[in-house]
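Letters are used for the chains, namely A, B, C and D, taken in the order the chains are written, and counting of residues starts over at 1 for each.
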Amino acid sequence: MIQLDQVTKRYPSSDEVLKNVSLHIEAGELIYVTGHSGAGKSTLLKLIAATERPSSGTVLIANQNTSQLKPSAIPFLRRRFGLIFQDHKLLYDRNCFENVILPLHINGITGLEAAKRVRAALDKVGLLHKEKAMPITLSGGEQQRLAIARAVVSRPSILIADEPTGNLDASYAAEIMSIFHAFHQVGVTVIMATHDALSQHGAQNRVLHLTQGRLTEHKAQGLT
Amino acid sequence: MIQLDQVTKRYPSSDEVLKNVSLHIEAGELIYVTGHSGAGKSTLLKLIAATERPSSGTVLIANQNTSQLKPSAIPFLRRRFGLIFQDHKLLYDRNCFENVILPLHINGITGLEAAKRVRAALDKVGLLHKEKAMPITLSGGEQQRLAIARAVVSRPSILIADEPTGNLDASYAAEIMSIFHAFHQVGVTVIMATHDALSQHGAQNRVLHLTQGRLTEHKAQGLT
Amino acid sequence: MMMHWLNHQSQAFQSVLARMRQNIAATLMICLVIGVTMCLPSLFYLGLDGLSKLSNHLHQETEISVFLKLEASKNTVDEIDALLAKNSQIQAYHFVGKDEAWQQLKSKANNTANEVINQLEKNPLPDAFFIQAKSTDPEALEALRSELQNTPGVAQALLNADWAKRLASLLSLSKMLIIFISLLLAIVLLVIIGNTIRMQILTQKEEIEVSYLIGATHRFIRTPFLYAGLLYGLFGALLAILMMTGMVLAFNYAIASLSHLYNSDFQLPLMHSKLYLTLICTAMFIGLAGAYFAVTRTLEKIVKAQTSL
Amino acid sequence: MMMHWLNHQSQAFQSVLARMRQNIAATLMICLVIGVTMCLPSLFYLGLDGLSKLSNHLHQETEISVFLKLEASKNTVDEIDALLAKNSQIQAYHFVGKDEAWQQLKSKANNTANEVINQLEKNPLPDAFFIQAKSTDPEALEALRSELQNTPGVAQALLNADWAKRLASLLSLSKMLIIFISLLLAIVLLVIIGNTIRMQILTQKEEIEVSYLIGATHRFIRTPFLYAGLLYGLFGALLAILMMTGMVLAFNYAIASLSHLYNSDFQLPLMHSKLYLTLICTAMFIGLAGAYFAVTRTLEKIVKAQTSL
């Protein structure tokens, strides 16, 4: 499904952020990516989501090499993903409903069907009553949940979440984690960068740990 | 120093976010504000920082009623504060150094003196080597630390931090917390919204807990 | 597929309309600028059009007077008449016989002149043709004059050429001016529309970025901006037409007084459907093109930022 | 305090310059638009100036011919001469005595006319004054003519008024046109500079917001935008002057050929220091004012958002 082979990533004017990373992810897995601040977690997720390209090595997604993809093919690759960005990337000039419906419009789903799915997604993250509110009027945690609703609304086959519970208190974080696990249960591949909350669900899942750009892997043991 | 008296806050098109909150903070205290996502933590901090005004009740800061302050007096009140916003509010079109020097320029400090203080602040949060980098190229945690550097560079007498460790892993979070405690040690009033990390330092400090807009107070007992 | 496409189009169109309604003041301002900028060259065009029409009215001023020899016979007069009738450069001419001219002179003459005339024993005036040429070009007129001068039986062909020369110079100066100014305004128009779309894109840069990140195709992103460009062009052109109508009405008053002096009821036309159509099409095209280039450039930047090594 | 103020000014100025250098293409485009928009009314002004100068050159065409009675004595001539010398409406005049006129007529006369003249026994021509009025206004000329007509000893005062009337109409039409267009361009200029500053503010809205949040005074926030406005105005005006110089050079060629017809070596001046100074000052003022209003409005919005209940 997703395969990284000897991937090195260097940003212009930076050292190597990822060094010689190899990785294989099967469809339907639930994967945690952990590491210090600045270790390269977000960079790894960006490579997988094809929003960055490796400096060397290959990234294969569904057998497509992202470095060799034509620009016109990239959008269709991305529609497989549900992305939750560390900085949310909400659109502050449209309300919650319009934010969440955007991926559906991009996928060509409009009308009542779209509205129904948007409301279902908002309900899942507990924001149905804020449907008409502008994102700027939401609290930090509410914005994070809105970003999650936008990522899951188009029922992607791969969910990539960059610290989706960073701004949430423990009870909300647990709730959100259970949403991700529910997606995982129905066969969605979930890749999540995180630095906490591995305690509850992490037991049977792979944990990729980044230290200074190098990858080590182990089964989760309930880190706190 | 800071006194809230029967404060109620209602946003246009929202219910009461804060209900009848009264509160007294002495100079030099270290205060935690906790509560669920959407409980009103950020709103409380905004009222204290005079970036929002109460719907009813009074907010006194250094004996000045923020509701009756002339617009021209507000900037001078704000310079007493070091603000760390939940969404960082960094300027993405200038580099780290220029971001941190902004409060000094606003305070009329320029030249070598300013540069020295900026570097000291960047060093404190471990970003001295990223001086020339643009904020967009920083990882989530690095951005958060940059925001902290900007808040402390002008040596404010009151530090107001809205979830300053939300995006940080445990070891960085502890480091940042110890920075805040160091400020507290030298007499700075620190008010911090948080939903974790109370374990290490919280023992002797006040914790304000918000539940559906109502304030309850207790001494920290090392919540995890 | 077709349904999907239509859906997307109508949705993009509606979102653009909604956005314009939200920022109605800014939208109006932009349309006003486009309108004014389109209005100016159109006005100049109308003015030039009017000038050349006026210059047709002034034709009669550029007359060639052909005086025949005093002894010219009825035969010679007829011959020259036939010659003039055949000449393709001549628009119109009329004959004034020597007796007619004598009568006119006598009846028109004032006190002083009368005394002179009364002292004359016989009619000293020749037969004459007064000719209006088709061209107002000084050189063509001069050529025609010398051709007539050399016709047998003609004593003298005189060209009232000063006015024609002046008019021609004025017209060529005006044309040069109008071309210059239209060029300048074309630059302004392009820059303004380009800037407007860039500004629009600036306010929606995040939207473009996020849309692209979550899988929108270039076409999906581009469509609303293209509609915005089209609409700005359309509204701008309509505003331009409105302003022009107002100005033409105002000017017709001034021009009427000028036309009066030239004995014509010349007016600038209010409904100039061909000009208006050209205006609308041009504005919409420039709007579309400006939007296309601006949004494509922004998209390319975003794509490039994501493919850098 | 003074030091602090100076520091802030120079720092704001430098940051504006740095920002302009960074977005050099956009900056140039904005200056170009401002330049072109300022250039047009200035060109029109120059044109109007030129027209009225040309109209002075044409003065000689608006002549009043005063023919005295045939029997007028040397005394009457002197009296009238004295009267004309005193008349403040008269720019210049010259006297042509009856003998002089007779000689001129004889020497100039062509074949046909010669025969007529030769048949005359004595000089039929009166003494005459040829008068140039100061005004070109048709009504003033007509008033002067009738005043002269009623002077004792004058047989007839004739006004060659057609050309004057036409010129006056043309000039008033041109003036109307120029005022209209200048008005339109003033609107365009204001909207353009306003838009530009608004765009600048849009790209720096976060900066304004954050600065205000962390304690910046309005003045601190405003200063760099005011400098930006000033600089846009200055650069725009300089560009306008450059363009104007180019165009004046081009036009002088065309105008030279026109002037030639009127027997003058009329040229548009290349260095028009007063106009240029006005241009620069106006542009900088509009830039400053536009920046001030735009940034104040944005600031007020931000302040209001923070003081809402």
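The rule we apply is simple: a contact is a pair of C-beta atoms (placed from the backbone, for glycine too) under 8 Å apart; a residue touches a chain by one contact, two chains touch by 3 or more.
Note that this is a predicted model, so its numbers are computed, not measured.
Any chain bridging subunit B and subunit C, meaning touching each of them, is among A, D; the list is complete. If each chain is reduced to the centroid of its CA atoms, subunit A and subunit D end up 67 Å from each other. Averaged C-alpha coordinates put the centre of subunit B at 62 Å from the centre of subunit D. In this assembly, the C-alpha centroid of subunit C lies 23 Å from the C-alpha centroid of subunit D. Inter-chain centre distance (subunit A to subunit B, centres taken as mean C-alpha positions): 29 Å.
Touching two or more other chains at once are residues 203 of subunit D. Not a single residue position of subunit A touches two or more of the other chains.
Under the stated contact rule, the graph of chain-to-chain touches is a ring, a single cycle where every chain has exactly two partners. Looking at which chains touch one another, you get A-B, A-C, B-D, C-D.
The touching residues of subunit C, when paired with subunit D in their complex, are 26, 29-30, 32-33, 36-37, 39-40, 43, 47, 67, 70, 110-112, 115-116, 119-121, 124, 126, 155-156, 162, 165-166, 169-170, 172-173, 176-177, 180-181, 184-185, 187-188, 191-192, 194-196, 198-199, 202-203, 243, 247, 250-251, 254-255, 257-258, 261-262. Of all residues in subunit A, only 10, 12, 51-53, 55, 71-72, 75-79, 81, 83, 85, 89, 91-93, 102-103, 105-108, 110-111, 150 touch subunit C in the complex they form.
Residue ranges on subunit C touching subunit A, taken from their complex, read 4, 7-8, 11, 203-204, 206-207, 209-218, 220, 303, 306-309.
Partner subunit A is touched in their complex by these residues of subunit B: 11, 13-14, 34-39, 41-42, 86-87, 133, 137-145, 162-163, 166-172, 195-196, 224.
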